[in-house]
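Same chain, two partners: chain A is paired with chain B first, then with chain C.
== the complex of A and B ==
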């Protein structure tokens, strides 16, 4: 059996995706039997030139994790695409833009001003912000540029397969290994565009019971709850859970721990805007006594209890949301 | 590639006045996949429909857009025309360029551009439509009428006379409702009981009517054609077949309570019959006040009952039956006059409600038809009737006009004058509303011929002044304060939805207006239909009405129910919700949002199921579904997005 040439490249990432691969434990040995690593700078001594020097198409499977934050991220992604027969977007950042894409919200101030000047913990009297180049003693030093927005991988290259998750959970990575095995032995691959995760939503595997009426009266934070019923669906308990809108495949890691699903596996195939769908579902379930009798302020009071609505509903998928597309299109104009 | 035909309607000047139809035709002609386009003065006319049918065949069209008025008006018209031309009727869509465009705009250029976009958007939708087939559901040929007032009685009789079985459910011990409590009816002054009781008797002995009194509907499942209904028939504690109506039990019963039939003006015993003409003619024990439900404490009635008709061990009976159609005739309740603080009801004995005065006027009432005031039994020398008591007062009470109060207050004044010839009757009114056949004449007769005094103005305060009542108010025609003394004050209160109306609306998930009355499917064109197929409404359950209107509605609702009952199967619109099991995670959101109870969780199969016959295709579930697994047939995400993109395209 011929070994598969594998490259794992990364963009704006916390490298949790790399750790997740190592979480395969003894199964990682099967991976080593199966593949030849052509590029994996997090785990081994690779430099970008090692990837550049490969022949086009020499890599059988190229895996990319992280979002496209810097000009360098985009460049690496393009090189990976060129060198790889198949490219896999790995993790929530590469799939949907992930947490870095939350910075795409149009703020009044620039991101650099917020991060390098306004943060209370910052001591920066000269107001220095990162530059792409600086000349010190006659020598020019350069840094990659920051793109205006942090995007999902498919904003810059064509993608063959998607493995969502923050990071992708071991059962999903095991599925990827199985795909690689079949590919190595038969040369067969799943249809392009396949998402390696469940097609249904988390409720399918969560196991909590649903009451007849799933409505709730008030949003509450888990820390406000005296005692969370470990068997009852979290939503009727008032705890925001993205589960109903989020793909299954994680084996309900969070809800098993009494924590509402954070939505890292993204929406189902049918949904374009993850957060919007969840907002529409939750507001339908919110059983405020008689909505039409409530004043605007009273309604606001209920909704204001949602902590950080953008971060709650779009924690991982803002880069793929309709509102982001809308304002980015406007900015282009 | 589709072959789309577009037909643009001028609607006379309605559309053509603000939309440049020629320009629209010119533009749409060049849209992709549009094979044929033409305009017509009136698309809905017979020639207009012929144009559509001919074009479908001549140009071999497989999709049709009719740009005209609202779907609510003519969708059926054009679907039928499409079907007659041999094309599946669900491949025709209407683009609303009248209500949503020409009627609401003035600038012709912009309205024309908007029309073009609306049509383009509809073309995008219709291209994605799939042919659908209406499906058939079986019909149980039996009707349920809820409420045994005059509306329920009339509806039950009409359906039974048409040859269908009817179950009439009434909460009280007898049918008859509020009308049985009235003395005489306006404008003819015929005795209410005398005209109602023949109908009550007819209900009692009609072979097609099963009468369930002292019974309540507890649950309704299912859908048009086969509603599954659970009825709780509460125990009467008197065996109907054995009771001989001898009345021996009543005299020995030691419990004395207020009599509801006489609005609390007389006492009754814990074992009683509501009134002599009650149907069914049977005694009943009121379990809330009777001591003998525990026979160790008291069993006096049982001891004297010769035919042994009393059974303290009688249990509630749960009846489960299936019905094809349901008529809701649950009626009204008068506005509680206790709420009108300034009129002192409860502290001033001689301030009474309209219904109490009805009982005082009635020949079978507490005073045998002699007008005596409650405090001391004297015949009042003057009576003040206050119109709109608690009505048309958005700040404090009901904001609406209850329609019948002007007339019944006028009737009260007239009847008082007939019984106390030299008495003084004064009516305080805001406006006298007499819209009904012979109503104005009736009012004129009272005011001009029989000496009833009408003062335009509101009474601000009633005070006890010795034995008399001090009435303070204002005459708004002369702008003078009015202060006078009277012996009796009758408040003409408005109508509220009854408790039963609220309960049934909850059970059936009927939509109600902000006052709590059942909402009609269309206020003008579908006055007895509700938003739920197969459920009809008659009488005051849908708002204040007089007796003629109530009876007419009851017959209307009966006729509507009969059209369902008359066939073994009925067609249902296939434009309903569909669940994609491939992505559905069974989160139950849709079950909660469905206003028709059409979605349920199938536990053995662990999946969510749409009851096709219950689904009205409203789309609430599709928009709430967090996994995007529910779509409405022919309104898929793809087709809606395509329509929106066409509407919002730039340029």
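== the complex of A and C ==
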């Protein structure tokens, strides 16, 4: 069996995606039997020139994780595309823009001012912000530029396969390994555009019991939770869970631990916009009986329990959402 | 990457407003405004639904994406919804949506929810007029297509 040439490249990443691959534990040995690493700078001693010096198409499978935040991220993605027969977007950041894409929300201040000047933990009396180039004693030092937005990988290159998750969970990575095995022995690959995860919703995978009629009175923030019923669906307990609109495939990792799903596998194919769907679903389930004698002010209090709908319902998917297209900076005054 | 705002002096003489109204109280109120020959600007495109709770946040977002300058939703007063509790759900759904729209840069002036009873023709005409007047002062709503501009 011919070994597969594999490259793992990265953009704006927390490297959690790399760690997730190492989490395969002993199964990683199978990976080493199966592939020749042509590029994986996080785990081995590779430099970008090692990727550049490969022949076009020499890499069989190129995996990219992280979002496209800097000009260098975009450049590396383009190089990976050129060198690889197939490219896999790996992790929520590469699939949807992920958490970094939340910084694309319009805001009255520039991101650098917030990050390098305003945050309380910053001590920067001279107000220095990163520059793309500076000359010190006649030598020019350069840094990659920051793009206006942090985007999903498909904003800059064509993608063949998607593996969502923040980071992709071991069961999904095992599926990727299976795909690689089939590819190595038969040369067969799944159809282009395949999402390597489930097609059903997380609720179908989650073992919690769903009562006949689900309703709840109030959104409960995690810090207010007194006691969680370990078997009952979290929504009737008032805990926000993105399960109804989220793709299955993680084996309900979070809900098993009494934590509401945050939606890291992204929406299912049938859902056009992850967050809007969840807003619609959750507000339909909010109990109304009690409200009939509530004042408008009290009604407001209920929704004020969600102070940050963008961060709550689009934690991982803002960069690929319908509402991302609404984004208008002119309106921020 | 600087997110400074542009000065936009331009005004919009003819804003487009999508009006979602429920068939019952608020629809009757709107009808009455017509039959009583109350004057209000012709900038609204009404879409009638059975109950305000039928309107999904996605409908509102898609209205903007299709070029609306504003979206107005009207429903029955609390306690009057034909389906008893629909408007409570509308209230919650749209309160969260309006917060979200603000976060993604849509001015709150462009999205309104109000309750109109079958007799409140004057309130209906006033609400529409006020919203049109406000939107005339804003530039046309422009979505700025995203994706990959480099510095």
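Basically, the second predicted complex is superposed on the first by the 315 of 333 C-alpha atoms of A that agree within 3 Å, B and C clash if a C-alpha of one lies under 4 Å from a C-alpha of the other, contacts with A are read in each partner's own complex, and residues count from 1 in each chain.
Assume contacts are C-beta pairs under 8 Å (C-beta built on N, C-alpha and C of every residue); 3 or more make two chains touch, one makes a residue touch a chain.
Since this is a predicted model, take the numbers as computed values, not measurements.
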item	value
First (chain B), second (chain C), both or neither touched by A:248	first
Which of chain B and chain C A:21 touches, first, second, both or neither	neither
Partner chain in contact with A:169 - chain B first, chain C second, else both or neither	neither
Touched partner set for A:267, first chain B, second chain C, both or neither	first
Chain B versus chain C as contact partner of A:159, first or second or both or neither	neither
Partner chain(s) touched by A:204 [first = chain B, second = chain C, both, neither]	first
Superposed model, chain A: greater residue contact from chain B or chain C	C
Which of chain B and chain C A:80 touches, first, second, both or neither	neither
Contacts of A:215 with chain B and chain C, given as first, second, both or neither	first
First, second, both or neither for A:94, with chain B first and chain C second	neither
Contact residues of chain A, present in both the chain B and the chain C interface	272, 277, 280, 284, 292
Interfacial residue positions of chain C with respect to chain A in the complex	1-6, 8, 53, 56-58, 61-62, 64-65, 78-79, 84-85, 88-89, 91-93, 95-97, 99-101, 103-107, 139, 141-151
Chain B to chain A touching residues, read off their complex	514, 580, 582-589, 591-593, 601, 620, 623-629, 637
Chain B partner contacts - residues on chain A that touch it in the complex	199-204, 210, 212-215, 233, 243-245, 248, 267-272, 277-278, 280-281, 284-285, 292
Chain A residues within the chain C interface of the complex	68, 71, 74, 104-112, 145-149, 151, 155-156, 272-273, 275-277, 279-280, 283-284, 286, 288, 291-292, 296, 299-300, 302-303, 306-310, 313, 322-333
